[in-house]
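Have a look at the structure below, then the notes.
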Amino acid sequence: MIKAEDFETVAETTRPHRMQRIVVVALIAVLMVLPLWVYPVLLMKLMCFALFASAFNLLLGYGGLLSFGHAAFFGGAAYVTAHALKVWELTPELAILAGVVAALVLGLAIGLLAIRRQGIYFAMVTLALAQMFYFFCLQVPFTEGEDGIQGFSRGHLFGLIDLSDSTVLYYAVAAVFVASVFAIWRIVHSPYGMILQAIRENEQRAISLGYSVQRYKLGAFVMSAGFAGLAGGLKALLFQFATLTDVNWHMSGEVILMTLIGGIGSIAGPIVGAALVVSLQNYLATTGFPVTTALGATFILCVLLFRRGIVGELRHRLPAARSKK
Amino acid sequence: EPYRIGVLTDMSGMNYDLSGKGSEVAARMAVEDFGGTLLGEQIEVIVGDHQNKPDVGSTLARRWIDEQNVVAVVDLPTSSVALAVQEITRQSDTALLISTGGSSELTGASCSPSTAQWTWDTYALANGTGRAMTLEGDKTWFFLTVDYTFGNALEADTTAAVEAAGGTVVGSVTHPRETSDFSSYLLQAQGSGADVIALANASGDTMTALKQAEEFGVTALGQDIAGMLLFLTDVHGVGLDIAKNLTLTTAFYWDMNEETRAWSERFAERMDGKMPTMVHAGVYSAVSNYLKAAEKSGQAKSGTQVMDTMRDMDIDDFFNHNAYLRKDGRVVHDMYLVQVKTPEESKGPWDYYKVLRTIPGDEAFRPIEQSACPLLDR
Amino acid sequence: MMANVSAHDAPARPRAALSARGLSKSFGNFQAVKDVDIDIRHGRIHALIGPNGAGKSTVFNLLTKFLQPSAGKIMYGETDITRMDPAHVARLGVARSFQISATFGDMSLVDNVCVALQRPNGLAVQFWRPLSSLTRLRPRAMDLLDRVGLADMADHRAADLSYGRKRALEIATTLALDPRVLLLDEPLAGMGQEDVETMAGLIADVARDCAVLMVEHNISVVADIGHDITVLQRGEILSQGGYAKVSADPRVREAYMGTEDDD
Amino acid sequence: MTMIFGVPLMVLTGQMLIGLINGSFYALLSLGLAVIFGLLRVVNFAHGAFYMLGAFTAWMLGQYLGLGFWPSLVIAPLIVGCVGAVVERTMLRHLYELDHLYGLLFTFGLALLLEGSFQHVFGASGKPFSAPEALTGIVRTDFVIVPIYRSWVVVASLLICLGTWALIEKTKIGSYLRAATEDATLVQSFGVNVPLLLTLTYAFGCALAGIAGVLAAPIFQVSPTMGSNLIIIIFAVVVVGGMGSILGAIATGYLLGIVEGLTKVFYPEAANIVIFVLMAVVLLLRPAGLFGKEY
Amino acid sequence: MTDVSALRREGRGPAQLKVRALEAWYGESQALYGVDLDVYPGETVTLLGRNGVGKTTTLRTLMGILRKRTGEIEFDERSILRLPLHRVAHAGMGFVPEERGIFASLTVEENLMLPPVVARSGKEMSLDEIYTLFPNLLDRRHSPGTKLSGGEQQMLAIARILRTGVSMILLDEPTEGLAPVIVNRIGEMLKSLKAHGLSVLLVEQNFRFAAKIADHFYVMDHGEMIDSFAVGELPAKREALNKALGV
């Protein structure tokens, strides 16, 4: 099982320290005013991917399962959301809900098959199943082939608030993002999360204590798929698009990279990682330096040298932060 | 702040050779030739790689417009990206100068007042090649179609042209972009017994399909191939051995007259000797005419106004004579029906085409009466 | 078959809490366990001994359903558990430890115990509750840690414990399940002499109100606290009964304890 | 025309042959993957990239040194093998002690790096590469049309697969390999230079991918992304065959190629998916794969 | 039988294997705490100790399988501490692991032929010699290695090393789980190895077995050497041993 040396253990953050609370509140405040300086669409994209990476990390970092097929949930939900907006003409919140439900169902289907294997096999099986879904999307007419679903408007939130204004959308996305990260934090630091950690550390032992680990794993898988779907739905709403890019296996690879760079098994890690990767891609898009090469090199460096990721390294380097509990 | 012209193209994917770097160079040439300033401000050319992904392209375009004072977005290979970006330029009223993107839908149902589709479109190809070959005696057609806007539009437009000319379509298969093995599609096409196998795809896919058709002896066994969209670089890529005798429609060939040769040689100098494709020439032409129109209209920010100014102008340069911009965004100019030379006929690299016929603009492009563009108030 | 002889004040023979008949297991062509009958009775400590590779751990894994028997039948009281999955068996009250100590390394000791404690009351599935909902389990957890002498280390990371202490922690975690049958695979391996005594005492203590099966190489402990002994060799039962009977069996001496005197 | 199940015989046999040809590539590639996995326990995600590297090396040998197909067929895989050896020596070996997933992630990064760089340098449009003169042309009979070169690929891949199988099952090196799979440390303690063996194995596996790449070059365009989608199909093949089983990899490769070919005849929409469906079914019924051992 | 150890007690001749202050770790946890040990040429030395005291660990550390180690290991007066694992065999040391390490995917003969011959010192046995010594193996030479009985596997494991010509064998519990007859046979075999001039470092729980063949004994506890004596001192040590070994 993959393991960063510095997993944030459940116990470590049982009760958020006062300092932590202050930091979190400060961060949210920054999030509120950030669009004044930074391009809001970029920020929203960043939040979508941060959420996606957090969802992925829920599975890898806390469930110990490396899924190489998370693009299926992200992209699948994006398609459903886009379709719901364009064809069914649902309001955005319902469209996203539809996307999430689709991701949950897909997660259940893929999860049921994949959790039969472990470790690398699990990774390969999820990859292959997600690729199967990719080909499915390529074939069925509702995804509109290589064009993707495009050309729909964002609609009105609850039928009232017009989302075509980027600033309005920004606050809506930020709200969902903050709530979701909190939800993930809550799941991780719940009795259920503790069992998940126990399973990750010693599956046999957990079985011997009477836990049906397959169900717990499946639960984590489905929840993770659901949050990934939420991220995908948001992205579809934001860009008014759903394309094959979102279901392609490169997307699964990217989310792994984000999590790995930021640091597996911490709440902040995937967010930092996503921010970094998205900014990097954004920056490289105009420099002419090949994005794929940069991603590949980063991947290699991370695996060889910085397996803890940025957040993990920081925590490792700053013993003060560790011992303050 | 300088005015920026954003060349949004494929700098890493399969359209790199036919558009990519060359489009950037062409845009820079146009700006330099124009003098480098517009309405007293510097003009800067910036380039973005959309990786053929609609989402990447639209994010970039959005950011350019919102943050970098980009007044015109240029080139747009891959119609799916072009469609996506057109949504954005429409919302922000930015000029969109499409040279590589070729779906006729861009000036059809999805047309926008700030767009000019400069070089070619699927209708023109269909009408040029499809018609000509049907009249030559290729009556039954089988399509290998790439499965997205462009391919579907090309197939639909060609089907219409073929049927209008008295031919029939006996079947078609669709394939995803960047397919590496066409053998089973070719087998189906061979099984169909059609006179022509039409390749309604582009660049890498077309080249692969051509090569494999040769491998499977398609022409040797008596069927014809129609490369519905072939760029000079594609012919260069597969070589004359394979491409010889293909008939195709193009908006430009470097070796047509003094003017085209002069410009093309300047271009080639900057491109390690590579001759321009029609879309490279189109980018140059589009940018220079845009700059003229913007200068004339007195402002650059409103794409619609610049385009309206352009609609009243005569568009005339080495690329197109007596051309004009229509209300639906279509630039109407002459097209050429050409045939690929045999290796014996060719005098060296890039000497690839013989022009069979000039197709006058009004005959080449979809008549405005048939356009589905909602901007045309009828 | 079972000898009535016991040097200890064993309770009268109650009915078997866990029993197996004709238990067999083969891995491919290799038969690791052959036709084993065993009864583990309430209030008694049943020791399973035998040379390495005799199949002791395999029997363990079969009884707890971590392995699927090739043949035979396993009864838990009146319930046939031959086909059940291991987690289910554990929920019925059959708790086990592992030969290679099994703890949740990155968790504190008290959390290790809490993992076991929260299962019966359904907390474990509540992903929406904060962890503080577990605080009410803490006193009980501390209590258990105290029993194995680890109370003062409750907030240490389990991975940092010495080998012997990990075993102790594992036993505390196992006890947290309030088992009715307790299976311990070499619980005393890796413990120092004093620890061995405390732990042996603890096991004897626990065994008063449950049934215990343990694999143990430490013959003196087996002699001390074991009531019934089964000797396995090459997957088969070589001898079964009280310590006196078994240790007098020449075959056992030969196969396991070694012949006292030769040439 | 003769019809079978309502399909012209020509199309049926043609598609089956094409399936067999694809199967040849599947078999060659999954064989390399299985060899590497069997000994190193590394899922070589970069396998597709090495396949691409093989094709590109052959193309470059032709382009810059004027070498023909036949010399390239020998030299290109050697070069790819050397690249593999360097990668193993300098980077991969530091990951053996860690979880196997890190090997997967590392090679994934490597694949991105290689593909991205080649795309940057050579463009994505693909380079032409022609089949040797002797193998051009088609075989045409009443029930099948097949290019000579493609039939040759089937034969070549069969030979290579059998050769590799013999090398591993029948020779001393093979016995080291098989033994090291079971217990590398013990084999090393016998005085066998297992680290070297590991390097060679990785190099050999990569070279196999390289050979497949050279073989593929005249059929498909030589393009930077030619391996990136193939690798996932290969993964599915390996999962179906059973990880690490040499024979399983070979047999499943051909089998799935043919199944895919048949699907194209009877239900073309599902052709891309059928391998994955099969994988799902195998996972449900035999989680360890058709030829794998139950754990 | 005691000549060699007598020699040694008098401090004559260099030790073939000389170990000083050897410490070793499994990950973070220390398993050996300063082991000292000598084996002289042609000697059979037995390491005694309860389960889990570190006997196997000692052998694995000497061989270089367990690499997290400090201290001194000299073999033929040459430090082998830095030697990569595969060079150790070439220096002349062979290892027969506790779990025997017979490879399931190889036949008996392939198993036998697997280890490369490391020295042509005259101590290596030919295949014929081996089959003469272990006729059972000859009969079964084409069957898969792990289809052999436990005793046969043990013979195979030892025979495999004899072929390579090493001058010292580290032997981990060769009699474990074996029937007495086979134990006897292995005892005979070890004696004949001694006649061949091989040195043997033996780990054995079966004290009676060890007593018959060893020249010298070491007793381990908790990763340390707690006692060392020649075979002649055995009777005097009986009491202490019983306590230490818990027999």
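Letters A, B, C, D and E mark the chains in the order given here, with residues in each chain numbered from 1 onward.
Just so it is clear, contacts are C-beta pairs under 8 Å (C-beta built on N, C-alpha and C of every residue); 3 or more make two chains touch, one makes a residue touch a chain.
The structure presented is a predicted model; accordingly, all values stated were derived computationally and were not measured.
Looking at subunit B and subunit D, the chains in contact with each of them are A. The greatest centre-to-centre distance from subunit C, using averaged C-alpha positions, is reached by B. The pair with more inter-chain C-beta contacts, choosing from A-C and A-B, is A-C. Distance from the centre of subunit E peaks at B, each centre being the average of the chain's Cα atoms. Averaging Cα coordinates per chain places subunit A and subunit C 42 Å apart. Computed centre separation for the pair subunit A/subunit B is 38 angstrom, with centres defined by C-alpha atoms. Between the Cα centres of subunit C and subunit D there is a gap of 49 Å. Distance between subunit A and subunit D, defined via averaged C-alpha coordinates, is recorded as 32 Å. Residue positions of subunit E touching 2 or more other chains: there are none.
The multi-chain contact residues of subunit C, meaning those touching 2 or more other chains, do not exist; every residue touches at most one other chain. The multi-chain contact residues of subunit D, meaning those touching 2 or more other chains, are 116, 119-120. Per the touch definition, subunit E reaches subunit D in the complex via residues 63-65, 84-90, 94-95, 97, 101, 103-106, 110, 113-116, 118, 160-161, 164. Subunit C meets subunit A in the complex at residues 64, 66, 85-88, 90-91, 95-98, 102-108, 111, 114-116, 118-119, 123-134, 157, 173-174, 177.
Subunit D meets subunit A in the complex at residues 43, 91, 94-95, 98-102, 104-106, 108-117, 119-120, 232, 235-236, 238-239, 243, 269, 272-273, 276-277, 279-280, 283-284, 287. Across the interface of their complex, subunit D is touched by residues 12-18, 20, 173, 178, 180-181, 183-184, 187-188, 190-191, 203-204, 207-208, 211-212, 215-217, 220-221, 233, 237-239 of subunit B. Listed in rising order, the residues of subunit D touching subunit E in the complex are 172, 175-176, 178-179, 181-183, 185-195.
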